[in-house]
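As written, the chains take the letters A, B, C and D, and residue 1 is the first residue of each chain.
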């Protein structure tokens, strides 16, 4: 009896549901834009608030845009006055300290752009969501950005982390939503990932350059080049370590300890003991600063002497140079990177970044992370401008525009193009710095002095391996 | 003097256990509180000693006064300090502590008199003196009961509340507990004796209360209650007319509906 | 041989840190029946206090600076450092007292796991403050001996290892004697039977406060010695202090027995010895054991021991209903 | 049916009914109706979740449904059988990976990228390891439950030997062993952090190309009703949850359920009464793990990706929080707890964002917002900074969200230690006795 009642109820529900569904069946995507369509014409988004409930962020659908938006076609995330871009950052998780600075400088970048008149006469509004570096939260945020109504964006200008980027890559392609990942893994040139924009040097190429540079250094010091590679599990570790392996193979360096994937878990005694036993003269690391501190600190304190370097994220001067290990890092570690350090040269781009950040955020503390956010800003602006020129600021239009542009970083970082075959456009230059613990002195930007302690040795360094290596896709 | 007047206690905000209970424990007397399971005896002792909170209960009406001070909502530690100690139902010795340490916990509020009371307890219970370093958890039920009483005495109380001290003890031990109570009382301490063993309790009590459904249904001198027919029938298990058989009767013959307690009419 | 001595020293030092953390857990668990999931947050806050006192020379929102702190760019001497350590521990204890008063006291007598979840809520709530205070920069606890080490028969033994061992010895002795004091006995009574203890006039609230105060101070002590140079965060207070409490110390206290002081020390040493020696001497088998295998060694040891002795090595054999 | 006298039960059947009172029946029907209409975007009804969770509220809600299934499982183990386990994440992972192995696509030319793993260069790792068998959902979903249950049975002897908190921590070991296996076997588990991808939730008869019921594209269902992808998945998962709910409820009121509860309340006494302790503990583990396995499989499928790191200790801890906040041992409490734990962080986030948008609004809301929030300017105070990055004081909203969430857990449990179910009991008891307070 009870079961029958339940069935009857479900039937009834089905009917109601059918009725409801039928009523707004003609609006293409169900419920969400049913009510936004009515609000469409009334307000024209006067305030720049970035609350993502989007009380005034009206989104035109195709029809409206044709009538009002003059030459530029739009679909989601672009109105007559505003362009919404999404930032899916880790603002409370393990990388929060880094990412919040990256996001901050990107926000400053948009402030600057908007002051200059915006893009195609529209104000750029960054919407920021926090993923906490958790994959499902990251996916949830992506869905929010990808929605075809209020709160939807035209592109995602920052997406923290390889795992989350990998998780959303396919959906991004399905939704034609362009994504700039905060990840230098060489995963994104694959055909399916057309919507994911690889930026700057990949970990893989960085490793090739770094290992080659280390080899030259070690041999110049009169030692035999014996390489140890240590990396953590994950795309980051694998990509970096693979590049190091390729370089070692091409240059004929003996790999005396291959610690790919070995820096896992909380206790690294096994890695350290094998590293120390291996007798390596050079070490390439693809780990996190905390892991580096552990492995480096214990290996060196056990009397292990070698020249160390590693992918950019392995080392972090604000985290490691205030420690007691600072003199050891100064002595044994060479940092590798993707761009000039803060105020590291007189290029137009760097000076613009320094003056804008200093003027707008005088209390912020000196950091290289601002450069990353700035670079993402430059990329996004170039692409959106191109799309506006093309007269197509739909999501698909933005993706298409991203394949046409060459991006000029104005001396901050090697310029980048997305117009061509992967092997032709991939960025092959990286930067190598000497760690100077004495010079290290973090100050608020307004003080105008202070140093990250990263002294450039090589700018835009392209080793022989990286220069000639043929890339037909991801390294890994 | 302890005075409870019109006390109502509610558990979990819904279960009314005491419905206007009023009792008195004059100084230097032994007062017995009798009643069957669930009558509210233990609740009464919790209400006096401030332990209701642990059981989601609270007094909603009425007062408990001790030597003129209202202690209805006082904290347990304050109550112990003011001179009321209790021997809890089921002894509740700290099994992981030694006998000495158990006694030390009893003297927590009575740091100055600890030595004096300790000697007193050792005199009273020579068994404990033999086992001072033993873990309480490994002692027999009788020994644990002695420890529990001794522990309560360590606080140097003026009123001792004893909740079912005879529970689960052999008759000989019950006898011993009874003697101890008398001895304590003789030393000037008043005792509130909460018991199911009515015979034992009334035989030493100066005054007795009978509790049913959270109310006092009958009270009077210990001897008077012992002589009462209803008490005999319902609490002592003696049947009128069977007296020559001294309590031996077939339960087949018990017809409760035939006889009503007079207070229930 | 040098390798063996070095490994042993590291194992005992790590075991000492585990032991201090274990003592913190045991003290709080025994006193208040709470499995303290907020230990990570409290201990990191304690380490931060230390860092703020000695490196920043005073809290930014206070009008005065720390008059004792060493001059800029200099490290404190050992005696001065210990004074700072004491102040930091006291501040951590105060934090513990506040948390106890606000969140734990109202829960007296509630089921074990409700209390555990409360502490979990505390951990979630406090963590952002720690994250904010460390931000991106490494925060030093100003260790006077830095990365210095001694040589013993060719083996290199960092001074921090020895310091951790001494700290654990002091902590253990302190807790051992505390348990035999008047308050210690009261605390054990409360642990065994809270209501009966209340009936004896023991002020359970005060016992809770003392347990949390001491527990928090011990937690901070463990974190400060874990924030010294050779350990993973490399001489800094970092968020890595949070997970070590849950991920690495749980097997320690379970192995020793949740309510045993001696167990915390024995468990800490045993787990650390297995962990470090497995890491050192089985490393050529990594291909079979998998990367990072030494991380699960504590759990394997714990499983084996528990299947033989269900209440740990020193735990009380009694069924705790939850 | 006895209107107005909720506790009067005249037969055993009535006492053991799934929803014993007319009020419960009625509210179940109303709740179903409301949820259905809400998910269909029925204007005024959808406005409420939209306010709490934003436009894409259906995504977190769907995720909550999956968590609810797993929570039902942990309720059977912890709430009903009384065995505290922190190993639930491990069983979810087991289910997820079973589903991936069975349901993942076959590694041919035209299939998913997951079948052509990243790690094929330089011979680092086996290349074809990450492919599945391409079986349809009606095989992999039950199979993931069964496999997880079998592993649960293997673990259960520990529960007889070890009890209480000790058991809880022993099961933590499971989670770490699971994570370690994930690291050891990347060719099976995929990358440790980003894991492996796999096909979606569609219902197929066999391995054919076009699914029988489309769940991953917007479109009409059975030619009747137009639904978005999200709505389809919502209804599908909701239906699965109802089935699981029905089963769980039935279990608790059956002979088996009573045996399990007897073991919870006093295992020795239960044994003496003829309830075989080991057998029922084993059963408790098996059923609970099966729920976890199914939920894990659905989670992997819904996320489109499964990686070892997802099944860490914090996930297990979440479930304990769900049980205690909801009120252990009851199904209604479990459901309420899941909603609390899974949706509250999102709500807090939306709330602070909403507050920030009201900064210039004026009125009482604007005043409160002004008091709490700051843009960091001179003379502008308040603990919460709405600048994206705010190292130092004031802290950013993203960090405050966690502070608020943690504080809410603490405050809630202090005021209502019995959990949400306890709140409900109080309300019910109040009305039962109304107008007499006791």
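Just so it is clear, contacts are C-beta pairs under 8 Å (C-beta built on N, C-alpha and C of every residue); 3 or more make two chains touch, one makes a residue touch a chain.
Keep in mind that what you see is a predicted model, and the values were worked out from it rather than measured.
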item	value
Farthest-lying chain, centroid of Cα atoms versus that of subunit B	A
Identifier of the chain whose CA centre is least distant from the whole-structure CA centre	D
Selected pair, greater C-beta contact count between A-D and A-C	A-D
Between subunit A and subunit C, centroid-to-centroid distance (C-alpha), Å	37
Cα-centroid distance, subunit A relative to subunit B, in whole angstrom	74
Centre distance in Å when subunit B and subunit D are each reduced to the mean of their C-alpha atoms	50
Intercentroid distance (Cα basis), subunit D paired with subunit A, Å	31
Overlap residues in subunit B, where contacts from two or more other chains coincide	none
Set of subunit C residues in contact with two or more other chains	128, 131, 135-136, 247, 291-293, 295-296
Set of subunit D residues in contact with two or more other chains	180, 183, 390-391, 399, 402
Subunit D to subunit C touching residues, read off their complex	82, 84, 158, 161-166, 168-170, 172-173, 176-177, 180-181, 183-184, 313, 317, 320-321, 324-325, 328, 390-393, 395, 399-400, 402-410, 413-414, 417
In the complex, subunit C residues that touch subunit D	35, 37, 60-61, 103, 106-107, 110-114, 116-118, 120-129, 131-132, 135-136, 246-247, 250-251, 254, 258, 289-293, 295-296, 299-300, 302-303, 306-307, 310-312, 315, 319-322
Residues of subunit D touching subunit A in the complex	17-18, 29, 32-33, 36-37, 40-43, 46, 54-56, 59-60, 63, 113, 118-119, 121-122, 124, 180, 183, 186, 191-195, 197, 218, 224-228, 230-231, 299, 303-305, 307, 309-310, 346, 349-350, 353-354, 356-357, 359-360, 376, 387-391, 396, 398-399, 401-402
Footprint of subunit C on subunit B - complex, ascending	49-51, 53-54, 75-77, 79-81, 85-86, 88, 92-97, 101-102, 104-106, 108-109, 111, 151-152, 155
List of subunit C residues in touch with subunit A within their complex	3, 6-7, 10, 128, 131, 134-140, 143, 146-147, 149, 156, 158, 228-236, 238-240, 243-244, 247-248, 275-276, 278-280, 282-284, 286, 291-297
